[in-house]
């Protein structure tokens, strides 16, 4: 149990700046009270999540949504709030030029513009001290024949190579894949195999990031985690959960057993280290943002605690004997354990409130931002 | 062949006013040139689709997007353009009050407001002469426990009953179902069974509308069509196509064979009449709107022509003999026929250009609206 | 807690005779040691499951697999073992005549034969005292055009009506639906809507049975449960679990949270009574049969206990306030509770061993049947 | 058109020996008349398919189903029938030892046995002159925790390396992936990424084979084809079609447009050569075997003809201009063309009957084998 607590104390989960702004579906974005108007306010909200959970010390930025004049100042602001800048996420899907693609666009001018944006994101990494660039491309086509699938791979490879070469010492990029949306026929990086193949070709600074909501129905995500870890190519996670498509619900809300299995493979595969980034990437369309993030962090933490509880010796023994039910039972025994008392205890040992949700609710922070953040333009996806 | 041509001449496909406005995904709406600024301009664009295809004489309205002060004037305007007002579509998903539902919302005040909107849509039917109300509810919940699934059915039933009672002579409503989006855990009308059960309870003026993009993966849509027709409960279609979820691509673009099978069941089941409404419901996110609608109308027409070509006597004979390959071959023979020459001939017989896409492109209409429609606010989903 | 224990003591889960025989996939059936050679031995194994769990007192039969000369004798044998005969399951999918269907076959002779088999199953209900007939039809077609979808519905309706009329006082049938397999294009009862529509037409003795593995990906099963209960049409469950298709794994093994949500809707909808049959229907292809059944019964029991723990007053309050996270938290609080100590206590209060799996393993029963059941022909699906 | 005909004349599609034997589902295998009793009779049937289509000159064997004492004699027999031995398929899923896996089994003894079988298949390649070994592993687990996902990858890698090293000059193996079945939780080679990664590590003699029925719902197969061809790692196809899972229906029966898109990417990617093996792999559960294969070969041929008809210059021009509808229209124009007259003409130029299905039906071959092949044991999967 001491080891488990030590492991849990070392856990780090990154929250994304955009989670604190408004989000929604193509049908409607419902605005919420107290939503941040700028990156500084987003960091303040993220700091709340860290203050109550103790394991969310970094915040991912999204460029251009989080563009500021002085990134050093933004980083200093974060430090004053008790958090740090995490991954830099590039956005090459909202400029009018990107209607038919960014780095895979048929027009070389648009590709140049998109790649320049990625290079600018590395500049921001330099300025903020971030070591991770996260690349998600919405690129793809809606209709068969619309563009040439293979040529788009060539263009993708060219752009990735240029960005890869720009990476400095201690910097890396994570390539994200997604089955579909917003492209509805063929997406240029649709699955882990595609991301993996590009990263293998490029070298050790290119790794795959697994967004748990980006798979076809039935995909075994923990298999992918195990495979990528075996190959040294798992760079991190974008956590969220889904019942259908890329629903971006709170991680652990749809299938907590899956989350547990994923965390088990992370631990078993040696991925429970700083080498693998554990990030949230979800939309709180109808629930309040900060509590949504706190709950999500707690869900990951609970799944991790359960995964750490697995009796791996007993599991190996049953597996090697071909004891199907016995091996399954060892895993389920950990999953069925209620780890909330353990985590409450852990928090109290660290000087935190045992129940982060209740503590935040009582803090008055929401009432404060709801009152203060009036006027201005609320942050959001700006779609 | 004479019969087939006669059948094809009688075909009517309705286009939706919103197809002519801007649309997109939650990531970005890409504006297009020449997009209408009001319902009058939408009708003008829809009239183009009818002018070149000859089979799209009605236009669905969407309330409140198409709210005007004088519906009689709008209907007159349509008539001058050579088209008519078709179904009235209600929108109870974009008001801030509807964040947690409309007619199934836990708060009675919101339910009242939503039902009142539906009743207002019947008023608009009266004013425009429309005989069809199309009801789609985005209502649902994102998280297990968020609301009570069964109570929401009770509330839905209450609202539907009130609207049903308001329907006048010769009026009906069509209840639409959808697996998910924007609700991501439980949608209140998720499948045809739910829509059917409510409609059966209400009576003959309530029927089910099949949106071809609203099903779980693997669902056999033509089975549903056959079943609903057998029961007198198929009210119409919202046509579009999809590879993944509710992608809203042009009908026939993703799986033309499926569209053919659907049209075959329509014809076999006696549904190729005015009793069943054939409507388009799709988003031209990246392709131009008017040509997108023309192409879609043509795709439905081609599938219909192929379905009419099926040698039903030969098919029945093979089916009754248990000749698996023979029966399949009869169906495929029709599908594999190139019906484009037949349709070109049919158009010329009706005084239309044989190639609607080319004729529209040459007409200069797009250049005209692109030049004229400058300023103002382009129509769109307004999400 | 007293109420919860009382509820748990009243729970009844039926195991199926075929679960004790060999099963497998189209690729291979792996035989196991000690497998029963006849219905009498199957009942003996089923009695073990009841002996250790205390809540599995009935056993479903499958005709013709379980055909015997003297059903009264079989029922008496069951009684001596401490169990009873449960539902009678009809098999109209393994005779050579059924290659293209049974009750929906194009040939009237085959339909007559199939319906006669169903009527014979009612005779067996009379002879055994069973009150439930479970109807699953593998009927469907593999290729578009192979047979007429609508005519098959007509034939199905005719056969069901005949069987319905034959049901005696206190007897009912449950109609099962399944998306696909063994039919691979169109299944004649593919979804709950189809089963429901037929049952509604027939009357109160016809109800729908939900097999948890028979849905399209993404289907919300608890919604169906809630809907059918609201309508008085939920007759029972065939429990199993799946990651992909109709995998027939142990219930609760793939998604225990889903099982909990289902049981919650059962309880909330008033379905936790003898009116709803809770049956297992799964294949132990690689794990030992009796322990597989014990584990499955325990999984349902654990999910039930958690569902009973939900604080329904707190839940309703949060739901009615529109408190998304609060309502979800009430549900999750119950789910996250470790109910195993409670169930161990309950068992001990009833004179059972606290750990059924361990108690069975220590009993020596498996060693006994493995030694005794040598020679003869092991029971299996006989495909 | 001359080029297109030349290309079509060069096409080669391989049929599998097992397609001529009985097959079915786990529920029932329906035996058919005239089914072969041994590999010699299977080859005779395969020769019929070639005789009527002119493009099916090779036959895949399956070991141990097609084990014979004298492979040279079998190859000579094939030659006399006008066909040749194609790929050798290994079967490591039907021995009782393989219940928990073959090359990934936890027990080293079973792994040794399985790998030895693979090596024996290479011996048979030497004896028959086959240059291709096709590896499909049913290996996987049914329950979380049952075995260690990562260790199984280690064992798989070891076995593949040993087989790779054994390959002679001009020999290669194709590694097949499959999402699920018969393993229902985690399959050891579940997707193209896994197969690809192993093949890349091993070298040029290891390539990926795409079975068109082995993907998760929504997977874009032509994307995978394009990607693998770009990387030189597409070794071949197992063609079949599906509406749901691995339904193994006749290729082109479920989604002929998808088959066309696949063939288009093959041609565009330079894969229409002898380097890529085009094989059928399907089950004729209810339709007659030989006509089922003839129809399937014709379906691939028709899709190929349409793909060859694509005006690639016009397509590229539209793609490069970003003309979404125009580019799509170029592709659809080819797809919508009825190529059956062209293929009939091509057959007649080659001295074949224009309609292979009709010609085979008239030949009396089926009546002959139905009469002659009485007694003995019909070939089948033997599950």
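Which chain is which? They are A, B, C and D, in the order written, and residues in each are numbered from 1.
The rule is simple: a contact is a pair of C-beta atoms (placed from the backbone, for glycine too) under 8 Å apart; a residue touches a chain by one contact, two chains touch by 3 or more.
The shown structure was predicted, so the numbers you read here are calculated from the model rather than taken from an experiment.
Engineer: More C-beta contacts across B-C or across B-D?
Structural biologist: B-C
Engineer: Could you put a whole-Å number on the gap between the CA centroids of subunit B and subunit D?
Structural biologist: The mean C-alpha positions of subunit B and subunit D differ by 40 Å.
Engineer: Could you work out how far the Cα centre of subunit A sits from that of subunit B, in whole Å?
Structural biologist: Distance between chain centres: 37 Å.
Engineer: Residues of subunit C that touch two or more other chains: which are they?
Structural biologist: Residues 100, 142-144, 179-180, 185, 217-218, 220, 243-244, 253, 257, 286-287, 324-325, 328-329 of subunit C each touch two or more of the other chains.
Engineer: Could you tell me which shape the graph of touching chains takes: line, ring, star, complete or other?
Structural biologist: complete
Engineer: For the complex, which residues does subunit D have touching subunit B?
Structural biologist: Interface residues on subunit D, with respect to subunit B: 217-218, 220, 243-244, 253, 255-258, 286-288, 291-292, 295, 302, 324-325, 328-329, 335-338, 340, 357.
Engineer: If we count contacts the way the header does, which residues on subunit A are in touch with subunit D in the complex?
Structural biologist: 100, 106-107, 142-150, 153-154, 179-180, 185-187, 190-194, 196-197, 200, 215-220, 222-224, 226-227, 229-231, 257, 261, 265, 268-269, 315-316, 319-322, 324-325, 327-332
Engineer: Over in the complex, which subunit A residues touch subunit B? Could you list them?
Structural biologist: 23-31, 93-94, 96, 98-100, 138, 142-144, 179-182, 184-185, 217, 242-245, 247, 249-250, 253-254, 285-287, 381, 383
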